[in-house]
Amino acid sequence: MDIIIIGLLLGGTYALMAMGLQLQYGVARIMNLANGEILVCGAFGAIWFFTASKMSPIYALIFVVPIAFVVNWAIYQVMMLPLVKRAKNQGQLEVDSILATFGLSFIFIGILLAVFGGEFLTYSYLATPFLIFGEPYALNRIAAFLGSVALCAGLYVWLHWTRAGLTLRAIAVNPAAAGLVSINVPRASALAFALGGAVTAAGGVLLSMFLTFDASLGVIFTLKALVIVIMGGVSDVRGAILAAFILGLTETAVATLVDPGLTLAAAYVLFIAILLVRPEGLFGRRST
Amino acid sequence: MTGGEKRNLIISVLVFLVAALLPLVNNGYWLSIGVSVAMYTVLATSWTLFSGPTNYIALSTAAFFGIGMYIVAAFLDWAPYPVLVLIAGIVGALFAAVIGLATLRIAGVYFVIFTLGLAELVRQIVAWMQHVMGTSSGLYVLISMTDPILYWLLLGLSAIVFLVGWWIGRSRLGFALRIIGNDEVVAEHSGISTARAKVVLFIISSAFASLTGALVAPRWSYVEPTIAFSPFLSFQVVIMALLGGVHRLWGPLLGVIPFTLLWELISANFPAQTTLLLGVAFLLIVYFIPHGVIGLIEDMIRHRHGMLGSVVSTLQRWKSGNA
Amino acid sequence: MPSPSSADVALTVTEVFKRFGGLVAVDGMSFALAENEVLGLIGPNGSGKTTMMNLISGALKPSSGRIQLYGDKISGAPANEIAQKGVARTFQIVRMLPSLTVIENVAAGGVFGHQKRWGAELHDHAHGLLRRVGLENVDDVPVTSLTYIDQKRVELARALASDPKVLLLDEWLAGLNPTELKTGIALIERLRAEGRTIIIVEHVMDAIRSLCDRCVVMNSGAKIAEGTPQEVLADSEVIRAYLGDADA
Amino acid sequence: MLESRNLSVFYGRHRAVENVSITVSASEIVVMLGANGAGKSTFLRAIAGQTPSQGGTVLMDGAEITHHPPHEIVEAGIATVPEDRGVFAELTVHENLTLGAHPRRARPHEAANLERVLTLFPRLAERRKQLVRTMSGGERQMVAVGRAMMSAPSILLLDEPSLGLSPLLCGELFRTLRRIKDTGVGIFLVEQNAKQSLAIADRGYLLDNGHIVGSDTAEALSKDEKVQTAYLGGG
Amino acid sequence: MQKRVLLTFTAAAAVAGLLGLGAANAQDTVKISVVGPRTGVMASGAAVTHWPGFKLWAHEINARGGLKLKAGQKKVELIEYDDRSMPGETIKAVERLAAQDKVDFIMPVYGTGYNLAVAPIFAKYGYPQVTQAAVTDQIDALTKRYPTLFFVQGSTTSFATSAINVLKNLKDEGKIGNRVAVVNVADAFGIELANAGRPLFKQAGFEIVYDKSYPLGTQDYAPVIKAAKAANPDAFVAWSYPPDTFGLLEQAKIEGLNVKAYYSAVAVAFPAFLGKYGKAAENVLGAGGIQDSPAIRDYYKRHKEVTGVDADYWGSPIYYSFLQVLQQAFEGVGSMDRKAITAYLKKNKFKTIIGEIDIRNQRLDKYWTVGQWQDGFFHAVAGVGFSEYKPVKLKTGW
């Protein structure tokens, strides 16, 4: 029971890390290696806000999300679109976008360093126990979990119940055919990329309540998000959510039942095993 | 051997001999750059042996590099260093064989992230084993290895990489790879076991990474998981190779040299904004040298205008594409 | 149907099924191919001919059933092993190796397949094949600069380069204009005269008539007729399958 | 009316289509015949905005649409069914059809169009919740054509619609096309299946090696001996 | 091919020329270089101790007019390079500074592995290397090997020993029981401490009721803390690194891991620790610790004023002390003669904010190893070579 609750809480954390990247890769086809840095930016925004105002960091979402949206939209328009137009095929775009966003992550780190300095930034918020079935759990993690669930659900509903969401799913499934139904693919991709960035930054805000951040930490989140997105299968947001929770449960189970030293090893074993059985991820499909 | 090949061979030997003279000319700063260049030449060229023809972007260099380092660090008390270097190569090859055979079905971006995960997995396991086995002594590699010797060893290793690459290029295996790179279906139907060809190349490529790790270990003196399995190493190798061009054996070399010098230039002259400027330089490379240095040179030769002109025309193309 | 064990049978297909999800693409096909025979595999679009070819060449694995080459089971084996055992093929849409020269494209078929050659021997062999399919003085030209028909010739030469026991031609004549078609048919006729064992998938009925010893007709994945071209083309079921309701 | 004037497409140095001029008016079916590799698909893709063209112009109702991106071309009233059908395999039939009504021009009439499409293809009405991936080739073709019709097009482009269909389904499809034409839509299809397509077409063009080598009424073409030998075969 | 190779060499030569331009040669200042991580895994630690330490020192020297050398008073020009937490970069940067830029002095780099990687270069060029951020058990072998290498932070074993002694004393006084739960981060320093500590706990009569590692980069410590709590320990020891030190403590607080002694290694001494946990930090034990004195209090004040960040209670004052040592050595020698400075360090004792110190044996004779938060100050409660320490208090809940 304990394992399940802790695992779910951790899974919620992972979902926050991965959902934005899922949108960016699944729809806009950009494997964004600067994803972790965007998350760190969101977290820094919340930390700065909390330190300055002493108000709940949740309010930081009000300015972090729109800023992240605009910044990511601009990144797509200025940096990614030329690559998309230049790429002769998907493989070329993948290589180019991996290289470009890797460079972008350096730029983000450089900017964060200049603005916030290099030291650890952390604060304490809702770091109190909350009892579920008599066992204590961190209230801030529960809050982040609820945020994560809300975000996942919101995203899911939006993708499946609105025309705009349907548009994005159509691009994810078959970008070549999307133009045939009058979808402005570059614009919709920019929207997806911006939305993904906003979701990632929102994740950063929620995670800042209990994780410690520094300017160079982004790569850890990027790696985790990549693993989750790939494990889930790149073109379906449900895959990423499922993968995040499977990962959270596995890590917790291994940490509790086997050895905490093997948690991350177990995560990667799981990742590799899933790819060996389903080379296109949990929800992925081989292109027909 | 044709006349052209003979000429190329002679030129290559001369280039290597000239390069080998470096420690005699400068035993300090330029030698340390030379070590860096030689190390990345081995890594990037051997990476290209596999990833060039197959178009599989492998981010597993750090995994094999780290394995090589750790083999030296862990067993230095039990075996002489040269033996350990050989063992490192063999273990790297065996590990690559297992991984290669297991992962043939994985392709595209899945393969990229898979190999990245692989490096992380190895790192986690090594770190955990260090705890369980309680071998804190294995972390230090305190044997003397002067820069000139390391440089010559790495240079020798890169010569071997080039020879292997050259041999592969002339062999049936090389021909098979060119066919695979063009069209895997045709390759299969021509009787080529594409799986075997890829695994063999992956093994060769990975073994060189392990050897490099084993050679560099004494230079770093102290081995810890975060350093030995740094994902940046994998990325840097890929980037250097792509910057040079992966469709020629000597392509990566043309990436390694300018890349190392550019990095050095930035770190030396802009110490406060190194990371930021590296990022900017990176983007400029991606946008304006899209086909690698080789592409740039070939472009130049084709259009008979200078390097600047070529960059300008890329810029124009980019701008018009952007508009 | 000749019994699979008889000595002159090159290829036997026995009760082969291929399902894609719920869709049955090949539905219990059985036929045999005698040595030195040219067999036409015909049928309307979507009847499963190309799937059948892919099953023989190993591009696909049958869901059930058996395919044997001279009594040796090849079904389920990977394409490269089947190629080494002596099955070579061309593709419905011509597949060149774009970064290779013409002669390298041909040589690609002769290194790893049924008969393996290397070095000067391979070069001479490939050169000879190019001449045989009617291509001269283009050995070192990039293959992408060839016309469509010439690329088809290269592909044919590549398939022949391993001296296969069985040659599969998948709509090799498709897309040729009438003049080219004549040349193409003549080329296959020459192969037939050499005594090669060939399966042809084709829509061009003239070619079927003039080239094939025997025809197997497929519809909706199943065999609906077998016999000489004249026989099957007169078969009422075949006519119905091709033309559907006489409405169109 | 759709019109192309001297349209040319090059792949690098390789000329795929050169100086091709055609017209398609409302309520007519025009077929372009040609062998594999003649450039038919390239030409169609160039009109649909999926392949860049290097010379000539494309006009829709007199307005130039050359070099416009695909989504604007749909907006101009040209719907395309590509050779691979271009359906969204991981989405349901209903979602595919809804996406068809994505163009602004089609949204006000979405309900009416859906009604019309489901009348044309009653099969789709039964399977609205089904994932397209699980459907047969013929059903996918219906989804593709149905989806194209959802955009309320003036002109419908089809690339080898008969490919992969059994003769029965093929006949059914062509009958449907004729019904679509009767609603006032102009249809342009490229085909190898000369016999059946000429039977429903009003006019036809012959494309060979990237050039138009003949054009006439469908009736005349189907009697033309050259066409017969080249595309109808003896069978 | 020839042409291309030629071209490459031309380009290389051009870049080489540019690199050369980087080194200026005006000599009205003393050029002192600092290499360290601004980015990468080591960066956050360096941001607390490494960079601000040098900044404060240089600022104060320049404020009083510069280093008093024989050739007159010279201001310090600090040149800082980022090694991005990659040993290869550290090596290149130090080699460049020593061989190419020929700077007057090179400060030690940040991190044990990094310092060892550049030790041969310091030795080759004769620069003294007073490693302020390196902890190793190989001090004897390393100092013998590199005569220019000084260690001032003690050995891994001494840190483990001291921490365990603190607990042993509590046990012997009957204040805590003998059950201890031990966790460690599975990375270099954590592994070394854990491996050194295991036999020591046994010798001290402790029963290790829980002993597990967790990976660097773990994001949820609930399983670790829950299991440790379930083992019902009297004391909890975490051989931890900065991010996990924070995570573990937060979880311990939430789980109510009510041990009487809570020890976590690196980063308890960080100002951010107190900032984040406030009251909960009270009586938490950690690596480092400083003896309270007016000089130290003054140092903390100046540190905050000049660098804008708070100094920590472990590395920062040690950094400052050894910069004071170097300053005295520079001025004692009267020039930037590397060999003379090294010799000077091996001959003299120095006065610093942490008292009089002696590194004549290439290592520090006395240093603090364990600290405890008491009333907002991280007091030293154990160490090597000192006679008096602040008494240890028991942790009484969160």
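By written order: A, B, C, D and E. Residues from 1 in each chain.
Operating definition for what follows: a contact is a pair of C-beta atoms (placed from the backbone, for glycine too) under 8 Å apart; a residue touches a chain by one contact, two chains touch by 3 or more.
These numbers were taken from a predicted model, which means no experiment stands behind them.
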Going from chain C to chain E via touching chains takes a minimum number of steps equal to 2
Label-sorted list of chains bordering both chain B and chain C is none
For chain A and chain C, the touch-path distance in steps comes out at 2
Averaging C-alpha coordinates per chain, one finds the centres of chain A and chain E separated by a number of Å equal to 34
So, in whole Å, the Cα centroid of chain B is separated from that of chain E by 34
Distance between the CA centroids of chain D and chain E (whole Å) is 72
Residues of chain E that touch two or more other chains sit at 38-41, 85, 186, 213, 215
Residues of chain D that touch at least two other chains are none
Residues of chain C that touch two or more other chains sit at none
In contact, pair by pair, are chains A-B, A-D, A-E, B-C, B-E, C-D
Chain C partner, complex, touching residues on chain B are 172, 175-176, 178-179, 181-183, 185-194
Interface with chain B, chain A side, in the complex: residues 25, 31, 79, 81-83, 85-86, 90-91, 94-96, 98-100, 102-111, 113-114, 219, 223, 226-227, 230, 234, 259, 261-262, 264-265, 268-269, 271-272, 275-276, 279-281
Touching chain A in the complex, chain B uses residues 55, 57, 102-103, 105-110, 112-114, 116-118, 120-121, 124-125, 127-128, 131-132, 231, 235, 239, 242, 273-283, 285-287, 290, 318, 321-322
In their shared complex, chain E is touched by residues of chain A numbered 2-3, 6, 9-10, 13, 109-110, 113, 117-124, 127-129, 136-138, 141, 210-212, 214-217, 220, 248, 251-252, 255-256, 259-261, 263-265
As the complex stands, chain E meets chain A at residues 38-41, 43-44, 46-48, 51, 85, 183, 186, 212-215, 217-220, 222-224, 226-227, 242-243, 246-247, 250-251, 253-256, 267, 270, 272, 275-278, 309
